[in-house]
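All chains are identified by letter, namely A, B, C and D, in their written order; residue positions are counted from 1 within each chain.
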Amino acid sequence: MRRFTKAALLCACMTSIAQSVFADEAGPVRIGYSMSLTGIFAQAAPSQVNAYTLWAEEVNAAGGLDVAGEKRPVEFISYDDQSNPANAVRIYERLITEDKVDLLAAPWSTPIHLALAPVLSRYQFPMVGNTAASVQLREVAPGYIWFPTAVIPDKLGVELAKLMKSEEITSAAIMANVSPLSQEIKTYLIPALEAEGITVTMSENYPPDIRDMTTLISQANAGSPDALIALSYPADTFLFTGQAKELGVKAPFVLALVGPTIDAYQKAMGTAADNVVTVGHWSPKQEAWPKAKIFFDAYSARYGEAPDALDSALAYMSLEILEQAVAVAGLDREALRAEIATATFDTINGPVKFEGVENTVTPTSFLQIQDGSLELIWPQAIRTSEFRPKTAW
Amino acid sequence: MAAQLFFAALCSGALYALVALGLNLVYGTLRLLNIAHGDLAMIGAYVAFVAFSTFGLAPPVSMVLAAGLCAAMGWALYAGIFRRLFATPETAQRLEANSLILFYGVSVILQNVMALGFTSTARGYSYMGEVWRIGPVMASGNRLLMLGTALAICLGVLLVLRFHAFGWSLRAVIERREAAGIVGVNVDRVQGITIALGFAIAGVAGVLVSMTEQITPFMGFPLTIAAFVVIVLGGLGNIFAGIVAGFVLGFVETFGIALTSATYRSILIYGLFVTVLLLRPQGLFGKAIQVR
Amino acid sequence: MISPSLAAVSEPRPLLSVEKLEAGYGRVQILRGISLSIAAGTVTALVGPNGAGKTTLMKAIAGMIPARSGQIRFDGRDILAMPSYQRVESGIALVPEGRLIFARLSVEQNLRLGAVVPHARSKADQTLAEIYERFPRLAERRNQVAGSMSGGEQQMLALGRGLMSQPRLILLDEPTLGLAPIMVARVFEVIAELRQAGFTILLSEQNSHLALGACDYAYLIENGSIHLQGTGADLAGNDEVQRLYMGR
Amino acid sequence: MAQMKRYSYDLPLAGLVLLFALSLPLWAGDYMLGVGFTLAMWLAMVQSWSLLSATTGYISLGHAVFCGIGAYAMVLALPVMGIAISLIFGGAMAGLAALLIGLPVMRVRGPYFVILTFGLAELAKAIVMQAETSMGQFSRLIFNAPSLAVLYWVMLALAVIAVAAAWLLSRSRLGAGLVAVRENEEAAEAVGVPVARLKTIALVLSAVIPGMIGGLLTLRSSYFDAAQAFDPVLSFTTVTMAIVGGLRSPRGPFLGAIAFVLLSEVLWLRLPQLYMIALGALLIAFILFAPRGLAGMVSRLFASGDKSGKVAGHGTA
């Protein structure tokens, strides 16, 4: 009787091992993520999901994901976090413990990335982040999350001041949305401008639901600054551009923070979008990054619109990093963590390497819309075009 | 500068008045608080976007299409659901009491149907973006078109209310629904037409804002809120005062920002909204007329 | 002068007949099988205590509240299922208790609203002129908001609004409620004039003395059903009516 | 009699459920625990909301304001007071806010009250955003938040307190007074019910727990940002659950919260927009066709003359 039980157990064990081995060979690599498909961030989701989907299609078309030498197809498991960090936390816990995904991809927005960091540490599950941008990222204990973005507000402030200085800007007016990213950038930008000897003629905040900027722009115009910096979000970026055009802003340097990289922005603003500067560190025009143009073309062909130079590029990059790490380390989480933490990756945005949680290779950069395409204009080392003063709307 | 501010206030005011007008018509005649009102504008914006980028139709044409589509939705909602509920006092009362929550359901459905159909990516198109100089004022073509259309519709509705028998019937229903029937007003028809009209106006407003704003499935909510602020300022169901209140809000917002700071904009507007509700729930203007 | 649009020349059948009508509000039943009939060209009075169902009956005839069962025939047609606006179209005008004028509309708009039904609209200008002639106070105040007028003036306005629809049957519900004695007298003068002009009138009135004196026929309603009926003089002479309702 | 019988049946059942719920962290995985946390949160939220809105008929569409205030107060107090006291402080501040606005706000009625509460929540959001900006803050990270198990137990405690409060209220003189307010405020006032005071008490009662819920949610996501903390969707979802559950039944909040959490677990899988559409359709269907909510359907299933259900169908806010 006892022998029989043993034999049965052994049998069961073996079949389950066989099954799992077999499953490993045939089954796809499952990648889980949560996305803000509904709720206040929902508008941004497609630019990221599209990039994920494109990546998976390319990988599968190429025979699958290289898992330490073995090719396996990939599939996503995704949930909607309703733009709520607490939901996202719950979803990642589910992905890890219930769905038992092999890999994780990043959600949208800074708050959700920050909320996830402790979860990843608890489960020792590595994840390459993407669309988070805050100095607070550095407060996250290094370990299982990395941020490829070069949009870190303190660096951004310093670099923007340098860019403006190099274009001989002497004065700037700033208007900032009260949302976190804008405020954070403003906090670092103002001292940086002053350090470069650039006068701040105006610094005003406005709420996210602003509906008219005539006063703000007129006030800015009154000081005749060389630069008009709108630390804006997409909705107010549209508003700002339309009204700046209407009010005949003369400043040769005009920056809008989030929005100009969205395909719809150029479609809606037409020529008014031309020569607007914005934040971003990727451009399909950079020939030193051969994958950039390929990605741009593939994305445009697949979705009928240009990828968002910030979100789509970052999302794609984060999966490229994951892909390359998995090729070396396989799916073992510790090996994967070690690989991501130490290796240098070749992405559509050029080489990426992490120190702590930060990408230290990709420089903080600025883009300018020139004749309908996004050109890198700063820093000098990677720029694809010269800065052009905004002379006409 | 002052002239430019005046123009800005006028533009905001006209849009507020227009968006609120549709909401107020529906509230006035049916006592339904349509929190999906802004989402109808969103539908209008998508109509304009698709018409423009797929069929090359200009927004003035889209206005007709959007008005027709939204009116049809309003009529369908009325004929399909509301008419039956208005037939008995108990269900009518329940419908009115829960209308805001009910339309929240409608709002969620509209937003997510559009998100499914069009994804939530922002859309945009460019129409009449060139800037005109009119005396001391600089104005882009699309804002002039918006201002002109909004003013024309508000004025048109006011004229109908003042001079046309349908307008009187409508005012009669707003003021005393139960008495309107006994003078011979076909209350059912007036309600159906009014909800269609209110929805149509929202659709047109959506076409207008689509010329200057990004188009997303979630763009409607701020418009709804603005419309609610306006009709509260004017007094719920008071059509004329609502239109005036739209302009008041435009001017308060624009000049309030000019006199203080843009940063106080939302506090100013919600503060005004809350204060009016607490102190003068019948609205800023009209006499204290009992609204059920 | 104003006259009924279709001259009802002494037809044998009644202009309005109500059979076993039951109606009420929500779960509360008020009318418990009322039957009555009204001959064309007459004034019929409904008398009875407060809460007996006079106003409910008026509202049920005008279609303001739905009937639960029974029959209402007007000019030979079954109107029970008609919405109220169609009853106005067919020639019934209710001048409701409490007037229910549109306080925010002007006097003239109120009147013109009375002619919103198709057959009246074409004659609106003419009828309006006649009403102004009959009620000069309304003419004086034609552009004033109706809510600003006195009770008696509002009563005249409500009556004028009813006349604007070219009715054959006028339902006058408590027209003297809350009016000064001089206005009460004026209301009864007008009723007499309208009868002269050939209108059929159903009058509900708490002041039984005046009502029974002014009517051709009368019904006494109690507890939602007809308690007594007869000519005005019959009822006025009835002991019980005298004791209970006429304070003698 | 029916009441007694029902409770004698319900109490042991409730004890079992509570025991099960308490033991959850001991055997369930984090995912289940997360579901439990969400469920407890909604139960506490809907039940607190009911203390005001279901009992008095004043429908609040701004309960997120109390979550926001509680969260903000907790975040501010955290460096000084430590987590436990900060949480309570957050609840107290939400209660205080309710007390301060109670008198003027509870005079406003019907549709005006509904939109007033919504406006107040947006106003508070704008003020807190402005305050954060002027303090040079953009968002706040919270470190060393307690583990999920601890958060869960605290949330469960809040849910139990809310349910107990509702139960006690329903059998107290205060509760009877509030129901009188709902049925006919003028009449209640005329017979000497201190209407204004009762309404303010109800508002305060229904604000304290949401204040602490706000704090717990912030700890759960270890992040505070005013736009998130005052998210109006929180208010709307609360009302939705209450209506779907059944406004006037003691079982309503349970059924509403459970139905929604289950539905979201099922439909979340890949169909988020469809989930939202289903939510909207469900809400509409319940308002139009099942005004007594799930509780009404349940009591109709056991159609043995459940008295509590009957009141529910009659009249709404």
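We take it that a contact is a pair of C-beta atoms (placed from the backbone, for glycine too) under 8 Å apart; a residue touches a chain by one contact, two chains touch by 3 or more.
Just so it is clear, the model here is predicted, and its values are computed rather than measured.
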Path length in steps (a step moves to a chain that is touched) from chain C to chain D: 2
Least hop count linking chain A to chain C through chains in contact: 2
Taking each chain's C-alpha mean as its centre, the one farthest from chain A: C
Geometric centre: closest chain by C-alpha means: B
Between chain B and chain D, centroid-to-centroid distance (C-alpha), Å: 32
Chain A-chain D separation of Cα centroids, rounded to whole Å: 36
Chain centre separation (chain B, chain C; CA means) in Å: 41
Chain A residues counted as touching two or more neighbouring chains: 37-38, 40, 178, 205, 207
Contacts with 2+ other chains: residues of chain B: 111-112, 115, 225, 263, 266
Residues of chain D whose C-beta touches two or more other chains: 126, 129-130, 133, 273, 276
Chain contact graph, described as a line, ring, star, complete graph or other shape: other
Touch relationships between chains, expressed as pairs: A-B, A-D, B-C, B-D
Footprint of chain B on chain D - complex, ascending: 59, 61, 104-105, 107-108, 110-112, 114-116, 118-120, 122-123, 126-127, 129-130, 133, 236, 239-240, 243, 273-274, 276-277, 279-284, 287-288, 291, 315-317
Chain A - residues contacting chain D, complex: 37-40, 78-80, 82, 84-86, 88-90, 93-94, 96-98, 110-111, 114-115, 118, 134, 136, 139, 178-181, 183-184, 187, 205, 207-208
Chain A partner contacts - residues on chain D that touch it in the complex: 29-31, 34-35, 37-38, 126, 129-130, 132-133, 136-139, 141, 143, 145, 148, 217, 220-223, 225, 227-228, 231, 233, 268-270, 272-273, 275-276
Residue ranges of chain A in contact with chain B within the complex: 37-38, 40, 42-43, 45-47, 175, 178, 204-207, 209-216, 218, 234-235, 238-239, 242, 245-248, 259, 262-265, 267-272, 305, 393
Complex contacts: residues of chain B adjacent to chain A: 1, 4-5, 7-9, 11-12, 53, 111-112, 115, 119-126, 129, 131, 138-140, 143, 212-219, 222, 225-226, 253-254, 257-258, 261-263, 265-266
